[in-house]
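Here it is, the structure, as C-alpha cells.
Chain lettering (A, B, C and D) follows the sequence in which the chains are written, and residue indices restart at 1 in each chain.
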Amino acid sequence: MKAPVILINLKAYRESIGHDAQRIAVAAEEVGKDAGVTMCIAPMFMDIHPMRHHYDLEVFSQHVDPVDPGAYTGRISARALKIAGATGSLVNHSEYRQTIADIEHCVNALKTEKLTSVVCSNNVATSAALAVLGPDYIAIEPPELIGGSVSVSQANPAIITDSVEAVRKVRDDVRLLTGAGINSGQCVRTALDLGTDGVLLASNVVKAKDPEAALRNLVSLL
Amino acid sequence: MKAPVILINLKAYRESIGHDAQRIAVAAEEVGKDAGVTMCIAPMFMDIHPMRHHYDLEVFSQHVDPVDPGAYTGRISARALKIAGATGSLVNHSEYRQTIADIEHCVNALKTEKLTSVVCSNNVATSAALAVLGPDYIAIEPPELIGGSVSVSQANPAIITDSVEAVRKVRDDVRLLTGAGINSGQCVRTALDLGTDGVLLASNVVKAKDPEAALRNLVSLL
Amino acid sequence: MKAPVILINLKAYRESIGHDAQRIAVAAEEVGKDAGVTMCIAPMFMDIHPMRHHYDLEVFSQHVDPVDPGAYTGRISARALKIAGATGSLVNHSEYRQTIADIEHCVNALKTEKLTSVVCSNNVATSAALAVLGPDYIAIEPPELIGGSVSVSQANPAIITDSVEAVRKVRDDVRLLTGAGINSGQCVRTALDLGTDGVLLASNVVKAKDPEAALRNLVSLL
Amino acid sequence: MKAPVILINLKAYRESIGHDAQRIAVAAEEVGKDAGVTMCIAPMFMDIHPMRHHYDLEVFSQHVDPVDPGAYTGRISARALKIAGATGSLVNHSEYRQTIADIEHCVNALKTEKLTSVVCSNNVATSAALAVLGPDYIAIEPPELIGGSVSVSQANPAIITDSVEAVRKVRDDVRLLTGAGINSGQCVRTALDLGTDGVLLASNVVKAKDPEAALRNLVSLL
C-alpha cells in the first residue's frame, strides 16, 4: 500500500454496525480519492465482503485466528478472509492480544494468502520484536492513549521515533503506522514526519457526528 | 424452532468457505423442506448475511462475544449478529469455551435481540448448570466423541437421558440437542427418542463427498 | 467449616508477600480464636505450606487449575494443593474467571481430595447455575463492588437474599458467602442475617494499617 | 549462570509433587556438583521456597504473571517469586503461552528483581523476535518434539543452529538453551556443540525410574 495510509478500525461500536458502517465507508472512499491517500477500513467480519464489493477501499479484518482451515468453531483463518474479499488483517490488536507463536503463524498465513499484515505493538521493545517476524506493517499504539483525545504524536513522539529506529535496526522492509489518539490533520502530518507511513485510528472517526468532516480534517495537512 | 431440529456447524473447514458453504446451504434448504425438519446452519461470520438472504434456513453464528456494542476490536456483539441477519448463535462451543459470567451475558444479550441461544455443554452436570441460565437450547457434546464416527447415542445414551432429566429438574422450558458423532438417520431418531429436540453436527455433513446424501440419510427415519 | 466463616483473600498485594503475609495470618489466628469464628486465609501459592504449618487456620489456594497431575507447566492440580497442605481452594474468582467445564472439573477434583471448594459467582443467575455443580460454597461477589468501600450488603442486599433463595431451589447442601466491599462488623452481621455463612474479603484487611484491628471490627457484632 | 546449564522443569507431574520432587532435587544437586554443571530446577510454586532453602540449586519458577504486586487473585509477580527465593523464572512455556506485551513485562520485572529469565520459543523466527526483548536466555522447544523420545538435536539440528545465528543477529548478549526431547548425554553434548549453553528438559528426568541415573547419563559426555 502506498503511503500515506489511513486505517480506520471500526471496532464493535454501535456506530459501526450495518448501515452506519456503510456511512463511514462512503466517506472514507470519497476523502481517500480526493486526498490521494490509501484509505483502509477494518469492519466487523460480517461487513468484509460487502465493503470490498461496494467500495474502492483496502478492507482489513480486525482479527485473524492462528488456524489453518479445520475443525475450529468461531475461528477465522487467513484463507477464509481472503475468500471473503479482505485485503489484509490487523493482528494482535491491544483489545485482542495474541501469543507470539500465534502472531508468527498469522503473519505467515496472511503472507501465503497475499494479504497485508498490520501487527499492533504497545511500545518500542515489542515493536522491534514483532518486526523480526516480518509483517508488512507494525502499528504502534501505546495502550494508555487508545481511545483518548491526546495523540501519541503529541504525548510522546519519542516512542514513534524510537520505534522507527528500533524496527529499522532489525528489518528495513517493515513499515510503521502511528496509532492511539489520532484526531487531527496535525497528528497525521506528524506521524508521517516522524517516519511512519500513516495512522491507525478508530473512535475519532467512528464516533464523529460527521465522519466525512473528521476524515477531511485528518488529511488537511497532506 | 419446531422439532425436529438439525443444526449444521460449518466450523472453519476448508469445505465451509465461500462457494463450498453455499453448496451445503443449498442441500440443507432442500432436504429440510422435503423432510419437514427445522434446518439450521452455522457458517463463519462472513457468511451469516448472505446465507440468511439467499436461503430459507435458520442461520446461527458459531460464536458471540460477551460484549455490548463498544470499543472491542475483533469481537461480535449479539446486536451485530442481529443486524447481520442471524437468527441465533452457538455459545460456549467446546472449541470456544467461555466463562460462566460470559455465557450468562451472551444468553441475555441474545434474548434481548430475540435470537435463539444454543449453549453447548460437555456432560450432565454442566448441562443442568447451564440450563439454570435459561437459554433456548442446551446442546450436549461429550468432548471425547466430537468429530468422530461414533455418536453419543450409540456410545453413551445415558448421558443424554440423564441430561434431559437433570435439565428438566431445574428448568422445564429449556430444550436439548444431541451432539458429537451424529452420522446417520438412526442417530437422529435416537436423539429424538431420548427426549431431545434434534441434533448438532458438523464434519459428517461438511466433509461428506455428497452433503445432500448425508443430510437425506440423517432425516431418513423421521 | 462451621459458620460464621471469614475468608481473607491475600491476592497478590505487596502487603501479602512473605513476612507481611505472616503478619496477617497471626492476626487472623488470634481474632478467630477469640471470636469463635472459622478464620480462613488464601495466600499466594508459595505460602500455602508454611501458613498451614505455622497457624491454626483454614488455608485456601486462590486458584486451582482444571488438570490432573501431568505435563502442565505452571499449573496447580488439586492433588498438589492437598500435598502442600491446603484445606480448600477458591475457584473462578472474578480476577481469574474459568470456563464452566473447568469449574466442574475443579469442584470434582477438590472433592476427591477432600478439599473445601469456594466457587465465586457474579450475580444471582450464575450463583444458582454454579450451585448445580455441588461445590461446598458459592461466594457471591458483584464485580462492581470488589475492592471498594461499599459492601454488597449495603449496596444491594437483594442480590444476597435472591442468591440464597435461587441456590436453595437447586441444591440445599450448598452454602453461601457474601463478598465484595466487606468492611465492618455490620457487613458481617448482615451477611449472616441474610442467610449466608460468612464473608469473603481482601483489601479491607490486607491493606489495613492494622489488620488485627480491622479483623476485630469485622467480628464485633457476632 | 555458567554453562553448561541443565534446567529440569518438574511441570505438574505426579512424580513432581512434595517428597517426590525432593528426590529429584537431591539427585540434581549431587550430579550437578560432581559434573561441574549449573543445575537448575523448576518446581511447582509451592516448592520454590523449600527447594531454595534445602538445596544448592538454581530454583526457577515455571511461570510468572505479567503483574506488579496488586489486586490479582491467583497470580504471581516477579517480586513475590524473589521473596520466595526463586533465582529465575521460565516465561512463555509452550504449555503456558503468553502475549508479547506480557512477555516484555515479565522480562523487565524479572530483570528489576535480578532474577534470571528463560523465555521459551517454538521456532527460529520467534526465537529471534523474543531475543529482541533482552531476556537472559531463549529456550527453543519445537512443540512437536516436547515430551517425546526424539530430541531436537537428533530430529532437527538446523533449528538450533539457525536460532543461534538469528538470535546473534539481533542481540549478542542473549544465551540459548536447547529443549524438547532431550534424553541422553549425546543430546546435551550436541546442544553445547551447536552453540547453546545447555538444555531444558522435563519428562526424561522426572518420569525416570532412577532420576539420578538419568541425570548422570545427561552429563556423561561433558
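General observations
Throughout what follows, contacts are C-beta pairs under 8 Å (C-beta built on N, C-alpha and C of every residue); 3 or more make two chains touch, one makes a residue touch a chain.
These numbers were taken from a predicted model, which means no experiment stands behind them.
Counting only chains that touch, the fewest steps needed to get from chain A to chain C is 2. Shared contact partners of chain B and chain C, listed by label: none present. By residue number, over half of the contacts seen at B-C repeat in one listed pair from A-B, C-D or A-D, namely A-D. Of all residue numbers used at the contact between chain C and chain D, over half are used by both chains, marking a mostly same-residue interface. Comparing the CA-atom centres of all chains against that of chain C, the greatest distance is found for A.
If you average the CA atoms of chain C and of chain D, the two centres end up 34 Å from each other.
Mean C-alpha position of chain B lies 43 Å from that of chain D.
For this pair, chain A with chain D, the centres built from the Cα atoms lie 37 Å apart. Across the assembly, chain A contributes 94 as residues in contact with two or more other chains.
The touch graph of the protein chains shown is a ring with every node of degree two. Pairwise, the chains that touch each other are A-B, A-D, B-C, C-D. Residues 9, 11-14, 16-18, 44-46, 48-50, 61-63, 65, 67, 69-77, 79-81, 83-84, 90, 93-96, 147, 202-203 of chain A touch chain B in their complex. Against chain C, the residues of chain B that register as touching in their complex are 92, 94, 97-104, 121-123, 125-126, 128-130, 132-134, 143, 170.
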